[in-house]
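So, here's a batch of structures to check.
Here chain A shows up in two complexes: once beside chain B, once beside chain C.
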Partner chain A sequence: MGYALNFNLIWRHFDRLWGGLILSLELAVLAIGIGVVIGLVLAIAHVSGGRLTRAAIGAYVEVIRNVPLILLVYLVFYGLPQAVDIAYDATTSFVATLSLYAGAYLVEVFRSGLAAVPAGLIDAGKAIGLTPWQRLIHVRLPTMLRITLPALSNTFVSLFKDTSIASVIAVPELTYGAQWINTNTFRIVEVYLIVTGMYLVTGYAILLGLRAIERRFSIGR
Partner chain B sequence: MLSAILYAIPFLGAGLAVTLLVSLLTVSLSLVIGGLMGVALVYGPAPLRWVIRGFSDVVRGIPILVLIFFVYYGLPVAGLNLQPFSAAVLALTVFKCAQVIENVRGAIGSIPRGQMDAGKAIGLTFPARLVYVIAPQAVRRFLPPWINGVTDAVKGSALVSLLGVTDLMHSIQQVIGRTYEALPLYVLGAVFYFVINYTLSMLSRRLELRYSYIRD
Partner chain C sequence: METSSSIPKPAPLLQIAGVKKQYGSVPVLRGVDLNVRRGQVVTILGPSGSGKTTLLRCVNFLEVYDGGSVQIDGQEVGYRDVVQKKFRSERDLARIRAETGMVFQMFNLFPHLTAAENVMLGLTKVRGKSKGEARDLASHWLGRVGLGDKLDRLPSQLSGGQQQRVGIARAVAMGPKILLLDEITSALDPELVGEVLDVVLDLADEGMTMLVVTHEIAFAREVSSEIVFMADGVIDTQGPPEDLFEGARGSERFRAFLSRFETHHRRR
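== the complex of A and B ==
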């Protein structure tokens, strides 16, 4: 028996996929924004902090990076409310989880970036009389950001793809939209062909955009 | 809480065995297939290179969750009815293959072109150059990132619980369904995953230190 592809039902429900994609992007942007703040603060703390600070940050990074994201998502959404008296919806819970997850990856990126800032630049800052704080803001951070741009782009795109995990706690993003259409129309192959295309196009669009920024700001080495 | 954890241990142990089996199958299958595809990507004829490049870019461009659902729910349409376990292994293997291809490409690409030329100059055939000149050097560059990527296979295998495969993730949820002790059991599950993956990443770090210096 042949299977005839029929995309009509997909187009009829396309608003679920389109809305889902928008939500996926929003989740990614929020989590990346919060993750960048976590990553920057912890990377600076790691570089300038004592042994205890380093150990604590290292533990956070290793734990998050070595546990599957789906487990963290369940842990925060179903597990945490048992211990602390908080109530949040699935979307908030997922953004919190993905932010923590992003933070752990970004600390590593920023930390290695800070370590790669040439010592001569920092000395030059010292020589013209900048305070340690001014050196951080005007010398080390800008240089570090330009060094880490390629690694940042990859992390951002991979975080965008990770938003698909939100579907397991019924956040209506793109993968959840695909599952909804599956359950209601059974046009499984068609849905996943379209959704695969949507993830690919969006992912590569993000990557191309970031590559353009990289070219503009990269340091010729 | 303690009783729930004690009750859970045997179930999690059984789930852990499935997680390890899925990971082991995925890692070994993708090592062979991805390894061959990676070599073909570097040295193969143009049309083959395009196909492999396209395969790798598409697979790395979509979320692994979508890939798993696509394989499990979509392949029956093409007449291939897979059990959840086989579908899970197939989808994870495809995902991991793309990574191995890039690992191989990176490893071979990091070897100076002169090595190949030198092999040619002393009269080695192409397979001999590959086996005696390129492979011994490429393997050392390939190992650290590859072992690091093995943790992705273990972490990705948690998603097969969504197909109903009773792996570690799924058995955690089953026990929670019976005991309602969500927090301690998720934490316990996290500990299980952490121990496996942390061991792997430690191994990768040690290999990297050992191989970071390449004698010329």
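== the complex of A and C ==
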């Protein structure tokens, strides 16, 4: 009762939060970038590959989507180096995990996007004599990307929030910065109020920016 | 025209013989024979479900025909061995499809490309033209269909009639041997139909070979050298428009089909 808010101690350490926010954004950008590549390659492999390829991709997607992200983070950071002879720092480990995680969701996004390309457009590509590969590159993928832009935006905002999980392996992103200030100042309420505000404002700003891009590229039917 | 006078009757450009097609157990085409000679405009009329669009789509193998043969310039369209039912390779099929142009009911313009880029895609990727050459050709053909000032518009910035004219330019710029028109005005507002049909009349005047599916009876009468009336997956009546319209020839079913249009028009 009678808790007196005191933000002074927080401002003194604000560089930790600011630096953490920048790192969170970097982690999210890297993960969506790598995730898009994984998603695209696997979605194309899925639509053009045989039954074995489809089954392998399906297994990857189901495993990733049905295991909590935090567990994947632990598995990759603590488990994998014990099983095989590799070494990496926490940040690299987290980027790899979040990219694989994003990839699994994006395979599904791109697969349904490819399926949503109007059949008439594919007919038009056939009619002018495009080969299947040319139709994929020049008709199906560009149309699919425009169809899936809203889903890509949502995925990016989700990934940005998911970067907070990196705090469990001491990656100095925004949530980790908040925890550091907690342990050193005990101003728990103040820190979490500020950090919540930072996630909220940044996430919303990203979404507004991406919606503007979507409008620019919408195919307007 | 490239026909030699020493040959009395040149082989038809398009030869459709005994073409059959089923969807599951439902027969759509039940043995269709139809020839189109160079410079001819053949129009297919018929009630919906009669198989006319399916037949048209068999000509560039957008639909697989199960029986019979479709040949353009003596080359079987979809099969490398029509008896053994061995399909052509995709690459081979693409090469053959490039010899026909098609215009669609729903336009089917590539939504991410401008009017000019829609025309250029086939020219650069299939015909191997440079960007500059393709752009010049696109500009020429879009000018011909009255869209010389809309080269850099996206399809979403064009009216239906304008989109369809881009669709025609895209097909014609490839220099096809035959143009396939699939109900190209059915999705248009009535006031936009004329501008599209005018372009087709121009092409017909220049000797473009065409196979047309339409519901515009007056247009069919004006543009066609031959009218084909399909019903239940077969050709019911066939002849030059003078015979069928002025001469009032054709089957009872065809006469009934026409009279429905006439009473409809009178009522308007």
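Note that in this section the second predicted complex is superposed on the first by the 219 of 221 C-alpha atoms of A that agree within 3 Å, B and C clash if a C-alpha of one lies under 4 Å from a C-alpha of the other, contacts with A are read in each partner's own complex, and residues count from 1 in each chain.
In this text, a residue touches a chain if its C-beta (ideal position, glycine included) is under 8 Å from a C-beta of that chain, and two chains touch if they have at least 3 such contacts.
As the structure is a prediction and not an experimental result, all values here were calculated from the model.
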| message | Is A:183 touching anything from chain B or chain C once the two structures are fitted on A? First, second, both or neither. | response | neither
| message | On the A-aligned overlay, A:196 touches which partner chain: chain B = first, chain C = second, or both, or neither? | response | first
| said: Between chain B and chain C, whom does A:138 touch in the aligned arrangement: first, second, both, or neither? | reply: second
| query | After lining up the shared chain so the two structures overlap, which partner does A:146 touch, if you call chain B first and chain C second: first, second, both or neither? | reply | second
| Is A:8 touching the first partner chain B, the second partner chain C, both, or neither of them? | neither
| request: Specify the partner with more touching residues on chain A, choosing between chain B and chain C. | output: B
| query | If you stack the two complexes on chain A, which partner ends up touching A:80: first (chain B), second (chain C), both, or neither? | reply | first
| message | Looking at A:126 after the superposition, I want to know if it touches chain B, chain C, both of them or none. Which is it: first, second, both, neither? | response | second
| task | Go through chain A and flag every residue that touches chain B in one model and chain C in the other. | result | none
| said: Applying the document's contact rule, which stretches of chain B touch chain A when the two form their complex? | reply: 58, 61-66, 69-70, 73-74, 77-78, 151, 154-159, 161-162, 169, 172-173, 176, 181-183, 185-187, 189-190, 193-194, 197-198, 201
| query | Residues of chain C touching chain A in their complex? | reply | 60, 62, 90-91, 94-95, 97-102, 104, 106, 108-112, 121-122, 125-126, 154, 156, 170-171, 174
| Of all residues in chain A, which touch chain B in the complex? | 3, 62-63, 65-72, 74-75, 78-80, 82-83, 161-165, 167-168, 175, 178-179, 182, 188-189, 192, 195-196, 199-200, 203-204
| For the complex, which residues does chain A have touching chain C? | 118, 120-121, 123-132, 134, 138-139, 142-143, 146, 217, 219-221
